[in-house]
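Next up: some structures, all given as structure tokens.
In the two complexes that follow, chain A is the common piece, with chain B as its partner first and chain C second.
The block that comes next holds the complex of A and B.
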């Protein structure tokens, strides 16, 4: 599904990722953990194709195709979904109008007919229900005046509608209380399937109590310094990141 | 002779040539005298600093527009927005007047009925000096005129020429009216439009000024609104760019308790030019005005906004607000915005602000990351930017049409 090979990436000329390698197969859930400034958000942004995030060497393949050749919207149409750490407010564009445009674009690229208005509305309402988001949010401007938790749930709601092949969740758990976290986790778990891969980028182990990963990777200073199973997350919680980053320094 | 002097002379000649023997002769010659005294607008005048009139050297001031071709297909270009449609083609009423709604009369302007205080601008005087047909809309006191009156000013010509549109609206005490002033047409014709609104005591007007001529045309308009005691005026002014578009809007709140809401959207794409000069005068105490104008310029488009609020000495308890937010879509586009406040007493609440920015890169990325292509994403963001203004318009048919029509320009 996703193949990251010795990826080096820079933001404003400063190298942030320094040789990251990661393989994600269909059906797998990977958690990427790391301290602040380790490059977690840079990785998400590079994968989604944000301007200013430049791949300086190495490569990223999605289903065998180099991501560098694809525009941001092409990646989304191919099945990559990024749940934003800080979802953007877009006043004047209604959530429903936005969902319609997004779904139409993604479905068209997959050779599917656009959903008729009734079906679209029904599905959007179901997705809202799934993440405990009042249907009124469909009429409001995209994320406009939403609380932090509502924005995160709106991201998961979009993900449920778009049914991506690869979901990247960039610190979706940050700033959420336990109840909201459970709602988000329930949404993500509902999407787990043998064809779909999920990459959770997180600072806290807490999320992994609710979404159990197959693999855990520790990112520090732009590289994955340790990989393991779900028990690695527990170890990290007990010992902190210093245990590993210190280990690297002495190595 | 400088180009400005030449254009001035053309204007005077043009006005002198319009001399049908009718009831308006005396008014025309008075206006012609006034016109002779005024300098032609040039960039060295503050009010024309950002808008040059070089485009008019193509000949728009040399001849009046010919009568509209009898077989011109106007009907198909008029969207269905109103219940009573009145069409004026190249300055003259086409066909018969339609059946009018209860409480409204429509008559030709006469020397007796014409408001003798036109906006004191060069093109305002030229309008009067070259006037042959004008329309007077009058309401009966205390009647709510049902439906929407859709006035279509359709101006079309193959060669550069000038056409005069004149509308006078008088709302009697306690009456209510909704009108659309709609400018349509194409070709190198200069529309010189003057609309004079008098909102009587306790009357209510919902007014739309839609300027949707094609991009090759020109428009210089004056809108004068005089408000009497407790009158309420809600005016929406929507426009897309063309070769030259200039609007002077002058509102006088002459008696206490008057309320004014004005909103506007202007979109200048390609090489088009739009200039809006707004002047709201709080002459009497306890009046309330609220203005929101939004502008977008793309490619080599130019937009100018000058919003002046003038609170007179005796206008205590005035409440006035003005905001003008603008979005630039390219490095070559330019928007010049200037809010002006003049306050001559200390018992007022007054706020104004203007912003000029670019499309937000974060918003654009968000939309694209959901599969929406860049062009569509930009259109959505542009539409979102103006939607806030359109949402506040009262009539759904106009709102829907305007959303689509402005969306085409984004």
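The block that comes next holds the complex of A and C.
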């Protein structure tokens, strides 16, 4: 599914990722953990193709194709979904309108007809139900006036609707109370399937109590310094990152 | 990287209405003096009183100077380089019906998507088409007449309804109101006249379509709409012009009279040629639009301004009667080197009068977009209320957005609210859209349309879609 080989990436000329290697197979759930400034968000932005995040060397293959050759929207249409840490507001554009444009673009790339209005509405409502989001949110502007938790649930709702092959969750747990966290985890768990890969980027272990990963990787200074099973996360919880990085844990 | 390039391409789209029509025209040589005004008047067979009226306006104009206060910059206009009258030759003997109109002209309007053949016309919309200086035909006149509605060119109205014209012409915008209104009063060529009798709700949308064709010709149309007591009308105007290297002058006057309990909704989709990327050519649009609302009357201006090199325009409402309502909904989009200074004046004179101003300015390229508005509450306007909202959206970092709200309240019981925001189409918004598979072009148009939603929903339904599309087209290529 995803093959990252010796990836070096820079933001505004500053190298953040310094030789990252990672393999994610279909059906697997990977957690990438690390202290602040280790390059976690850079990794998700590079994978999604944000402007200004430059691959300086190494390569990233998605289903065997180099990501570098694909525009941001092409990656999305190919099945890469990034759930944002801080989703931005788009005033005046209704969530429904946005979902429709998004689904149509993704479906068109797969050679599928657009969903008819009734089916689309039904699916959107179901997705809302999954994440305890009132249907009224479909009529509101994209993230407009949403609370932090509502924005996160809105992201997961879109993910459920778009059914990506590779779901990247960027610090989805940050700022969520325990109830919201469980709701989000329920949505993500519902998406687990043998064909789909999930990469969770997180600072804390607590999300992994609800979404149990197959693999845990520790990212520090732009490289993966340790990989293991789900028990690695617990060890980190007890010992802190300093145990691996040799530095004092600040956050 | 790629996003910027795509937006750039998006905002540089070509002007689709930029073709010219080859019809033989009779055009007066450039220059303005009394003889030109006499020629225009006699050419139209006008009564003596109207000639006198024009000459009086000309005398006032001679003593005036162009206004300098707007946030626009252009070389001084040489008013003697402009031709003040042009008419297609075949119109010398006015056609009696659309069947007699030069087919080349009909084709022009068809090309613009405005079929003048009644059977082909938009269902429920009557159209008056003004080509250069003259009205070439009005559709659905018979059907409107049955309802008692008068909808014809103002030249015809001068002959057929002289009493109405005498009573109302210049009653809202006097001859000497401002430099451009005075010029218009002296040389106005044609335009539309609407009269809705007492208690009548106009059975269809009325629409005038303006087209400048001839080079170096100014267009000076005059529109007068009178809604008698308890009547209602919705009116839409649209405008385009060919692409030409030199600037062309357009100085129109629109007067609205809403008598007691009457309701007028006036919508404009302005798409005059904006000039090229470097600011060569384009229409200079200096327009005076004003309405008087009597007791309990309602006047609503909605405008979507995407064209013209320069826009100088402030559709206003004088809230003369108690409980009258004035509204102004505006979307002004500028790109390339366009300059727009537009807004409104709400003059509250009656008690419990109410006005709403929603202005959305979108600036792209190297354009300058200014909102200028005045809300004045007179001493006897007890309980007057105004709500103003001015939002600016910037695309790119070389454009400008400016807001000049003026508020003069002379009555302590008045309630005034003002909200203003400035935002940018942000990289974060575009990234979110693209991450969901939506390409940049669609994303920008979605974001801009969302920004304008409050105004678009005020447009007559058929035109709301058109306005959205026009915005999309205008945006192609506007960010640099």
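Convention: the second predicted complex is superposed on the first by the 246 of 251 C-alpha atoms of A that agree within 3 Å, B and C clash if a C-alpha of one lies under 4 Å from a C-alpha of the other, contacts with A are read in each partner's own complex, and residues count from 1 in each chain.
One rule holds for everything that comes next: a residue touches a chain if its C-beta (ideal position, glycine included) is under 8 Å from a C-beta of that chain, and two chains touch if they have at least 3 such contacts.
Only a predicted model underlies this, so the values are computations on that prediction, with no experimental measurement involved.
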First (chain B), second (chain C), both or neither touched by A:242: neither
First, second, both or neither for A:37, with chain B first and chain C second: neither
Which superposed partner A:90 touches (first chain B, second chain C, both, neither): both
Contacts on chain A seen with chain B and repeated with chain C across the two complexes: 48-51, 71-73, 76-77, 82, 84, 87-88, 90-93, 97-98, 101-102, 105-106, 109, 141-142, 158, 162
Interface residues, chain A side, partner chain C - complex: 48-51, 71-73, 76-77, 81-82, 84, 87-88, 90-94, 97-98, 101-102, 105-106, 109, 141-142, 158, 162
List of chain B residues in touch with chain A within their complex: 360-363, 365-374, 376-377, 380-381, 383-388
Chain C - residues contacting chain A, complex: 1-3, 423, 426-429, 431-440, 442, 446-447, 449-454
Residue ranges of chain A in contact with chain B within the complex: 48-51, 71-73, 75-77, 82, 84, 87-88, 90-93, 97-98, 101-102, 105-106, 109, 141-142, 158, 162
